[in-house]
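Working notes, structure below.
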Amino acid sequence: MIAEIRAKARELLENGQVRCFIGYEEGTRGRVRPAFVYEPQDVDRLIWDERCTHNLAVYLHQFQHPLKRGEEPPRVGILVKPCDSRSLNVLLHEKQIERERLYVIGLTCNGVRVNGQPQERCQRCSERVPLVYNLVMGDVPKTIGREDYADVARLERMSPAERLAFWTQEFDRCIRCYACRQACPACYCFECVAEQLDPPWMGIAMDLSQKQFFHVMRAYHLAGRCSGCGACEEACPMEIPLSLLNRKIAKEVEALFEYRAGQDVETPPPLATFKKEEELPL
Amino acid sequence: MNATTRESLLAWLDGLSKSMTLIAPQAVEEQICYRPIAESSEIVLDFGRTDLPAKEYFLPSTHVLFSIERGDKGVSIEEPSLERERVVFGLRPCDARALRVLDALFLEEEPVDPYYAERREKTTLIGLACREMSPECFCTSLGLAPDDASDVDLMLTEVDGGYAVQVVTEKGRVLLGDLIMEEWEGTLPQVTGREELPILEAEAWPQHFNHAYWAHLADRCLSCRLCTYLCPTCRCFDVRDYETPNRDIERVCAWDSCLAEGYRRIAGGHDPRPTKMERLRNRFYCKFCYYPKDFGPIACVGCGRCIAKCPVNVDIAEVLESVAAL
Amino acid sequence: MTTDFEPQIVGFLCRWCSYPGADLAGSSRIIYPPSLRVIRVPCSGRVDPLFVLKAFQEGADGVMVLGCHPGDCHYMEGNYHVRRRYSLMHRLLDYIGIEEGRLLVDWVSASEGRRFAEVAREFTAQVQALGPWGGKRIDS
Amino acid sequence: MAWATRKDWGNPYRPYLGTLVGVRDLATDIKMFQVELDDAEARKDFAYRPGQFAFVSAFGVGEAPFGLTSTPLRGPVLEFAVNKVGTVTSALHGLGEGDTVGVRGPFGNWFPLDEMKGKNVILLGGGIGGAPLRPVIHTILDNRADYGKLAILWAARSPSLLVFTEEFDDWRAAPHTELHLTVDRGDETWTDNVGLITELLDQVAPSPENAVTVTCGPPIMIKFTLLTLEKLGFTPEQMIVTLEAKMKCGMGKCGRCNLGEKYVCTDGPVFSYVEVARFLESF
């Protein structure tokens, strides 16, 4: 598979269809990291295997502006797994990126591994083929996961006091480094609520109520927008189970509004529309 | 040299925690962090390197510079101060050296930072030598050693049957008090070092300032604050006022990061470092060029925390090798 | 539960329906508990769920968002959005430990002075039963 | 440290308390704040020189650095020109006479007024950038004989943004002193030059002979002014600038205002173009 990826990337770069190809490359100490290939002869740096966990859609924001003043914004090639393709759909749906400036190579996915451990989110994943692509590679995996939100249900069975204790202990460890926000393709606000001075939503103090406010605010702002790619959880240095928050929102949005993030670019997003006669549990 | 057993060491630490705040490595979920300890059984003794440095107890992530009471007789300023003496146990040589690096700025440069000075002065450091270097460690490239005792008050080294105790400073000797020890003749275990990374000296960095390498490196950077908050020698802070529930005002000083977008943006919008390349480059130049030129020591102790936790593998050791080869 | 606990409740009242409703309750001398701190908003649709979260963080024990009955909104669709936003926010707050009973989203028209007092009384009792929340408590 | 005008710092993060003895409008969204430090001891400690800056605290919001626009020898009252652009400045603009503010400092180095003695002085102020230059003008006017010709080039985006307009007549009336004004966009009452300060500089074309220039204004204005001065034959030693940067401590601790290894707060804010040209980073 990697040979075809490299061949296609070289072709795209050679005929000038893209200025940069975003993929994965071998990092240091056995780790994989995002790769940015500008020259055709560098495509051999590209790799593809189970360690390629990063959601590369987050880098598309930085290619919205011309590389040099006066130039057109660059056309970019990008590799997407099924979950990344959902993030891409969210960005396209929210008019953040023009589809024609992207050459998307979709890769079927059998689940990724972090430090050799298969990821839970992949065992539950039912979409093994990307939803948006110019070209798709890889055979369709047979094993399909089933989404049961078991992890969220475990927390829901707790009493409110137990849940408060759980989240208090988790948020207490947060160091407000914002790796979760910066790794998330859906978080592209120019000035995040966390840094806004007017209105001063949050202070700079590293105390618990600020951290709780930030994480609950971010979870809410991902309603109908989080593609479940796990980038936030994998970036968190304090190993806070952030997907437990985002998946609760995803579960409720699906239950209340039958909407799943990134499925297409036509269905109006859940919180931007309504049905007059709908009955919702307040 | 003397040595003590694990039991008497923990008993002694329990004694200390009666009169002082005992801060030691503690398991928090699957991580090890320095935390105030109630009793010594909570202390973790075998760990590679804590996930967070001890910086929190000298440059706190948040602390109040002073509070302003607006009474009827006008405004008055109250400064907080540290009530209890403290002891930080289980400090690795790299974290101890990091404090020495911060001393060069906060104590040896005029004016002295009173908050940092008080915390340093009211704290005794008990080091714990490393048994072996973690994969990401490169302290030996910075002139440090996994068993280097020069920056702590007392140094413990794990030996068969307990811990060898080296008294380094008067402050440490005073703290020993009633720790049960006996003579110990053995030799301290040697920790195998690692071949050293090539680190350019400060004067050689400016020539690479405009090299394309930085743009290539910064492409994948997420511009988050992780590496600066995990770093024992990063010391940028932000200051702002906040109103407390009882209507007093507190001037809060909290961690900040030169990688944060808008770190240098002044009111009105001008930003001398608008792109993440300039911000990421500044992090390496500050550590290996500016800090040594301005204040003396290199602002890196090779602890490897940023290497271990950077989500996109911006590996400082790789950067040093690449820059040396530019 | 301690009945002498006086809950602090923040009420976001839309100026076209629930605020006049509250006025009517006042002018017709209907008694309702003093625990309510009213914030007048142009429309219930203006109440960003972050206002609710901020209210809890700043120490509110309960938060009410009252708007016009669906279909009566002066701006046509404010309360339709409120239904969607708060059906979701309700569950998120409960999930992180702010009990479901601490947030009330309801509709009170300008003529329902009695109903407003009823809603205020009921909700205050409900919050009283849950006891103090006090956002800062999360710090202690 | 260049700025050791103050010896005993005590707690350098703690501001002196001061009372606003005067607040008046200088221009649109720009106010002059006159502060008298409450404590007599503080007034003595706060010995400053033209070019230095201090942090003014709007308690409840925070503090921000402002160039001192008062002249030390003209009295104990500290004067700051504050342009309303951010949270602290807006909070300050909400204060009136009698209110309490905090003043912390003095920080930074100062203008080399002694080396400027006997030379022709050319001051280029862009908008509120004129504020730090005012004490230089006052010092020269108070010791007129010590200095050569004084050319003041004052620019702003529009006539309503020119600062210290009420002192223009005194400046014009002073011996061997010229005042040249220009605005980017005039209005119906404006009769003077219209155009950028660089065009005014070309027009005035002061001679670099035994001269020194001091420039302060928005970064973009400083950059182009320095280029024009170079074109007119001025050497880097003759070009002094005072820079602004985001600051949180004023004494080199918070790591915020570095340009390369130079800190604007301790190595500056006053630099000669010799140093600026060697900065790794542009300001």
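Residue numbering begins at 1 within each chain, and the chains themselves are lettered A, B, C and D in the order written.
Everything below uses one rule, namely that contacts are C-beta pairs under 8 Å (C-beta built on N, C-alpha and C of every residue); 3 or more make two chains touch, one makes a residue touch a chain.
All of these numbers come straight from a predicted model, not from anything done at the bench.
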Most centrally placed chain - per-chain CA mean versus overall CA mean: B
Relative to chain D, chain with the most remote C-alpha centre: C
Intercentroid distance (Cα basis), chain D paired with chain A, Å: 48
Euclidean distance of C-alpha centroids - chain A vs chain B, Å: 32
Centre-of-Cα separation between chain C and chain A, whole angstrom: 35
Distance from the mean Cα position of chain D to that of chain B, given in whole angstrom: 38
Chain B, residues touching no fewer than two other chains: 238, 240, 256
In chain C, residues with contacts to at least two other chains: 136
Residues of chain D whose C-beta touches two or more other chains: 86-87
In the complex with chain A, residue positions of chain C that touch it: 49-50, 53-54, 57, 70-71, 77, 80-81, 83-100, 105-106, 135-136, 138-139
Residues of chain A touching chain C in the complex: 155-156, 160-161, 163-168, 193, 201, 207-209, 212-213, 216-217, 219-220, 223, 245, 248-249, 252-253, 256-257, 270-271, 274, 276, 278, 280-282
Chain A-facing residues of chain B, complex: 28-31, 51-52, 61-62, 135-136, 216, 219-220, 222-226, 229-230, 238, 240, 242, 252, 254-257, 260, 262, 276, 307, 309, 311-313, 315, 317-318
Contact set on chain D toward chain B in their complex: 1, 4, 9-15, 17, 57-64, 85-87, 89, 100, 218-219, 244-246, 248-249, 251-256, 258-261, 263, 280-283
List of chain B residues in touch with chain D within their complex: 65-66, 68, 70, 74-75, 77, 79, 105-106, 109-115, 206, 209, 235-241, 243, 249, 251, 253, 256, 258, 263-268, 270, 272-273, 278, 282, 285-286, 289-290, 293-294
